[in-house]
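Below you'll find the structure I mean.
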Amino acid sequence: MSKEVLLEIKNLHVGYKTHMGVSHVLNGVNLTVHKGERVGVIGESGSGKTTTMKSILRILPSNAIIKKGEIFYKGKNVLEMKEDELLNLRRKKISMIFQDPTSALNPLFKVGQIMLDIIKYSYKLEDEEAKEMALKALKEAALPDPERVFDSYPFQLSGGMRQRVCIALALIGDRELIIADEPTTNLDVTIKAQVLNLLTSLVREKNVGWIFVSQALGAVRENVDRVYVMYAGNIIEWGPSRKVFSNPLHPYTQKLLECVPKLTGKEFSKGIRGRIPNYFKPPSGCRFHPRCDYVLDECKKSVPEAVEVEHEHFVACNLYRR
Amino acid sequence: MRAIWKYIWKRVLYVIPTLVGLSILIFILSRVLPGDPALMAAGPNAPKWVVEQIRHQLRLDKPLWEQYYYWLVDLFHGDLGYSTYTKRSVTADVIEYLPASLQLIFMAALFEIGGALALGIIAGRYAYRLPDNIVRVIAYIGISVPSFVWGLLFQLVFASLIPLFPTHGMYSYGTVPPPRVTGFSLIDALIAGQFDTFVDILWHMVLPAFALSLGAMAQDARIIRAGMVENTEKEHVSLVRAYGIPERVIFSKYILKPSLVPAVTVMGMDIASLLGNAFMVELIFQWPGFSRYGINVMLNKDINGIVAVVLVIGILFAIANIIVDVVVAYLDPRIGRRSQ
Amino acid sequence: MNKKLVAAISVIVVIIIVIGVLAAVQSTQKPQPQKKRLLRIGFAWPTYIDPAVGSDYSSSTAFTNLYDPLIFPGDKGVPKPWVAESWEVSPDGMTWTLHIRKGIKFHSGDELKAEDVAFTIHRLLTIGKGYAYLFTPYIQNVTATDDYTVKVTLKRPYGPFIATLMRVYVLDKNVVMQHIKKPGPYGDYGDYATNWLLTHDAGSGPYQVKEVVLEDHVYMTRFKDYWGPMVPNAADEIQMLALAQPATEKTLLTNKQLEISSQWLPEETIEALAKESYLKVSKFPGGDEFYIMMHTRKPPLDDIHVRKAIAYAIDYKTIVNQIFPGNPIATGPVPSYLPGAAHNLPTYHRDLAKAKEELEKSKYWPDIKEHPEKYTIDYHWIAEVPAEEKVAILVAQDLQEIGLKVNVVKVPWLRVVEEMANITTSPHMVSVFVAAHYPEAGSLLESRYDSKSADTWEQNEWLLNKTLDHMIEDALSTVNTTERFKKYAQIELAIMKLCPSIFLFDHMIKVVHQDYVKLPADEGHYTGVMGYDFDGRAIEVLSTT
Amino acid sequence: MSAMLALKEWLKTIEIKKKWYNFSRSPLSLIGLAISLSTIIMAVFAPWIAPYPQHAGFFTDFAHAKQPPSWQHWFGTDEFGRDVLSRTIFGFRYSLMMAAVVLSLVVPTGVILGLIAGYYRERWIGKVIMRIADIFIAVPPLVLALSVCSLLTPSAFHAMMAVSLMWWPWYTRLLYNITSSVKEEYFVYAAKVTGASSFHIMFKEIFPNAMGAVLTKVTLDVGWVILLGASLSFVGLGAQPPTPDLGTMVADGAKFLPDYWWISMFPALAISYVILGFNLLGDGIKDAFEG
């Protein structure tokens, strides 16, 4: 494997400043995406997936603080990019599909207005050309009657259609990396599959890099090359999708996979006792230790380092240290 | 566009019964509450037969429902009854005094909108920073200090300490009022080509309009600021940011517009405060307007005058609210169209 | 959206800046109208310039300048022939013949004739408002026997008849008839032109209406063809400006934008203004007296001892020294300078020992001592005259000292009028300024203490005293002045003994005016008749603006 | 009665500590609380706090009238020679009493009518109540209150009645909106299914959901009612002299501007002070319930 590295997140620490103090969410995230590679990120809600994704584009909320770490895009540190470089990255290189299409589209603007703005700032096109491009994208996203959609306000569209609009946005131009942050979580069950199929087939077709964040483990398993498992702001296990799913190493991953049928939107099944930790006072050492059945003394003291247990399959757990 | 008209029409239809109810309410109150308006109108030394004559003229010798019936009939003929205070038709009074008040309230509304936008945007842009805190203090002061206190404060400051703005009336001494065409002295001055007079009137309007607008301005500034802070963290802002739209555009378009909707929505209430506070402010600044007339008819128990004042203000308030709703519907497409 | 918004904001900002800049420019360069002698007087709205409608201070001031009365009040209110040049009365006192001066011109250019006088009086009597109340009880009929003679027949003899004619302001019949609007409440006469006369005049006075804006101002310009005498530097224009706030008046006076202040400036403001070298304070009798009327039919005030106790408890000196400085303490039921006022009447003064003594004589005393709250005295004062509050609170404080409980209530003027129309709603005590309707003691005696006036605002006493009524009627029907005045004196003495009112002070009107304005009052001349104080015929304006 | 029960119930369900935490984290809320408490304390203990308590009653001392602020009279003396500070402190009494009387009349009336109107939204009774409420809201409250007051003789009682007459519809509206939305929720259905009476549902199930909003509104309204009362007094339709009523003090003192500014300006500041306090407090309570 000597593929070209597209994106590399190194030891990312991100926190949020609130009136209750600073919450230490990301605790040294490492993640790599190669060119044309499809990468999955799984983990329960609140584990820091969205924060990681937003860090890539530097669109974190204003109270977020990046304490440590680097994000390299084609070798260039995104976190140190200047305004124009950053805009270029956002306009041409990486696009993102948000979790909730309803809140992601400004309700007071027509779909077309938003799309035109985006296209015009990205490609400096005339209105006519920009509109053509937008309509093409909408058509690509399998929206029937793109003209009508273009001329509609978001509230006039169904949830599925809204997400297709977001997908269309993400597909405009030739992107190198598409981040899909739980693109189907907020959709009706019947629509989920449709939208997912559309997305996966488009990604395959275009052969772009893809980060697929999801709680739908099945969908991830089928559609990605490699998978990262995230818990409480740490990547605790990663490797080729096939290997991770068939041979989960980390106790958390094991539990997570066990309770697949019970995995629902927000509530965690009884499969894992306890809750996601309090980020204001995160547990020392391995953040999973209070919930872990195999906890060792050293787990409370230091953050375990990643170990390559089998080829390209890593786990950060003291149980696998030799 | 058709949808908007239909929407307005619906609002008008809804408000008419309310206004009729209002007229009945104030009509009955003015006739039923103790106190003899005829006696008051006749003046202190009038003989009894004069009082009776006025009572007859005011139809106070008839049953209440009949009085209301004739009042309605007259209303449809454009006659609001005889004012015992000005000794002429209330309609003439309304025509004479209303434009001055509208002019003042309009100016105050301009100040309010301008000031609220400026303060709100500054505070929203620099949320949690020094400008935000300054605006917050200004806003709380604006909300807490009643308009009549502002009025008196301005009187105190500008009457003698810094005589930069006039503190009473509509014209300076020596200014010739323009011939009355529309009744709006500003417009009349322009029609007559008296630019000096136009400026003079504006100059006289500054303090009362400002005193009138401060409370509402503060309220609105806070709402705009809150809206901006809230919208800044919205996902739709993250989206446009993620696609490389410049911050300047995000701010002035994708954050500002949704922040204006709640501010415009509360403008209905602001107009209520403008219309109400105008009573005190016109009194303080001796503004020759409808509200000052209102106070005088009230203090003189001029029942037809009181009914007319309440009703006219009710109508103005209703119109203002409809305008506000239309603006909101224009800003927020969800509102006008949902009713379809 | 974005651009529009920016545009809107910048427009507003620009407006504000422009106004600011213009304001700065404005304040340095005032418009320069042509120079004239201008007399600007502060007054309070409402002002009805129709003599058949208005009767208050400001209205009467307007009448004086716009119209000519049949009789003019001379110094101290002594009747002076005016439109009525001379007159005779029939021996039975029932018919008066008035001879009308020739050559008086109305503002319309027509000559004033007897017919106009008759018409004026008919109109006044028909409408019944304004000063009509002075005439309705007496006048039977008025006819013009020729162009210059008017015959007035009375219902009964009436001594002060000539004095009352100061309130007949002659209107131009033709002009009035031209402006009648029909239908109206007065049959063939429609509205009797009341609508038109609200903002216009039909007079012959030295000034004519230029512009009336209700609630704001009355502008009057000099009538060139005025027949009568005028002082050399009389005003070219009189402007009556409705001013509601002392602060405003103060500003206008110091900016020389007002020649004469209104007459109700608070003492505090007068004090402050008196310090300015270019301003003068003028003081002259207003023809009125300030009373506290006591309801003599309401317990405990139906007991004369309680009334006397109150009369002895009140601190008159503080009132005239601190609250209304410069007003002389009243010497009786009518102002001391009024023709027919008695002198050396027994008066009341503050004497707490005497007050307590009187109170203890009262049949209510044992009860009052035990339960003062049972006899709480309602004291009403008129909201429109803020200085009355001080008197009210002082009186309450004084009465507290002798053990009476007082409930002070501020009541709007018109409400007081309404209350006083009824014996049960009339308050225990009410403080009111009452003026003579014509300059004679008889006017006040009748309006204050006759049973006929018991239900009016001028009497809260509800004396309903037959003997007194007789005496008053007898005096008023005495045509001979000397005899009439003797009878007045007896009535005044009788009233003092009954102690129905507290006679506080003879009211002096105080105005602040520019030093370039010369008022007759500055030389000690006054009429004491309401509305004749600011007579354009007699005021000199020694500066042009 | 039921309101009391509901209150008890509600106090149990809300997490007082959390609310207090939310409230106290903003210094502005704490300032608001301090100001409001200080005015209440001044109002209650006025006779002990005011340096010259007798100046609130029938008192004149013309020899010491119109004195500028000094150590003896911090706020100066008025045209009667009365201590402005003492009268201002007593003035809080009247202002707060006005607010208390008005709100204690208006809140129960408005709340009950609003509950009924919201609960029977589709029936005529609900519609009639809301239409009537609309009539009273069709004019700015100050205008109608002024008219009604002017038709009556000016007194504190009439002013309170007039303001109350104008104010209830706001609570009716608030409760109507909350009831209309809460009505469809599952716990209301559950109560219905178990055969609870409408009365029970309205007061025990629905009303507790509105408590936070009502409490916030009541606090904010203290300021507004005081403002409205002061406005009425300013025009001369308020409490009777010599009652120290802040609005009347401002209006009376305004005659002496600018020379004796302290007579009107200190009471004016006092009005602003109360309103500011309750505004801040109201915002704090709102944050506590929403945050």
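A, B, C and D label the chains in the order they appear, each numbered from 1.
Rule of thumb we're sticking to: contacts are C-beta pairs under 8 Å (C-beta built on N, C-alpha and C of every residue); 3 or more make two chains touch, one makes a residue touch a chain.
Model, not experiment: these values are computed from the prediction.
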item: Chain ID, smallest distance between chain and overall C-alpha centroids; value: B
item: Pair with more cross-chain C-beta pairs in contact, given B-D and C-D; value: B-D
item: Geometric centre distance via CA averages, chain D-chain B, whole Å; value: 24
item: Between chain C and chain D, centroid-to-centroid distance (C-alpha), Å; value: 43
item: Rounded Å distance, chain A centre to chain C centre (Cα mean); value: 88
item: Length of the line joining the C-alpha centres of chain B and chain C, rounded to whole Å; value: 37
item: Sequence positions of chain B contacting 2 or more other chains; value: 35, 155, 159-160, 249, 253, 257, 283-284, 299, 301
item: Chain C: positions in contact with at least two other chains; value: 245, 247, 412, 415
item: Junction residues of chain D - those touching two or more other chains; value: 153, 236, 254, 257-258
item: Each pair of chains that touches, named by its two labels; value: A-B, B-C, B-D, C-D
item: Residue ranges of chain D touching chain C (in the complex, touch as defined); value: 58-60, 62-63, 65-66, 79-80, 153-154, 236, 240-242, 252, 254-260
item: Chain C-touching residues of chain B, taken from the complex the two chains share; value: 35-36, 39-40, 42-47, 49-50, 53, 57, 85-88, 93, 96-97, 110-111, 113-114, 117-118, 155, 159-160, 163-165, 167-168, 172-175, 196, 199-200, 202-203, 206, 249, 252-253, 256-257, 283-284, 286, 288, 292-293, 296, 299-301
item: Chain B-touching residues of chain C, taken from the complex the two chains share; value: 1-2, 5-6, 8-9, 12-13, 15-16, 19, 22-24, 26-27, 30-33, 45-46, 48, 53, 55, 127-130, 132-133, 136, 185, 194-195, 198, 213-216, 242-245, 247-248, 250-251, 257, 412, 414-415, 417-418, 421, 456-458
item: Touching residues on chain A, where the partner in the complex is chain B; value: 54, 57, 59, 61-62, 87-91, 95-96, 98-100, 103-109, 114, 117-118, 121-122, 153, 155-156, 166, 169
item: Contacting residues of chain D [partner chain B, same complex]; value: 28, 131-132, 134-136, 138-144, 146-148, 150-153, 223, 227, 230-231, 234-236, 250, 254, 257-258, 261, 264-265, 268-269, 271-273, 275-276, 279-280
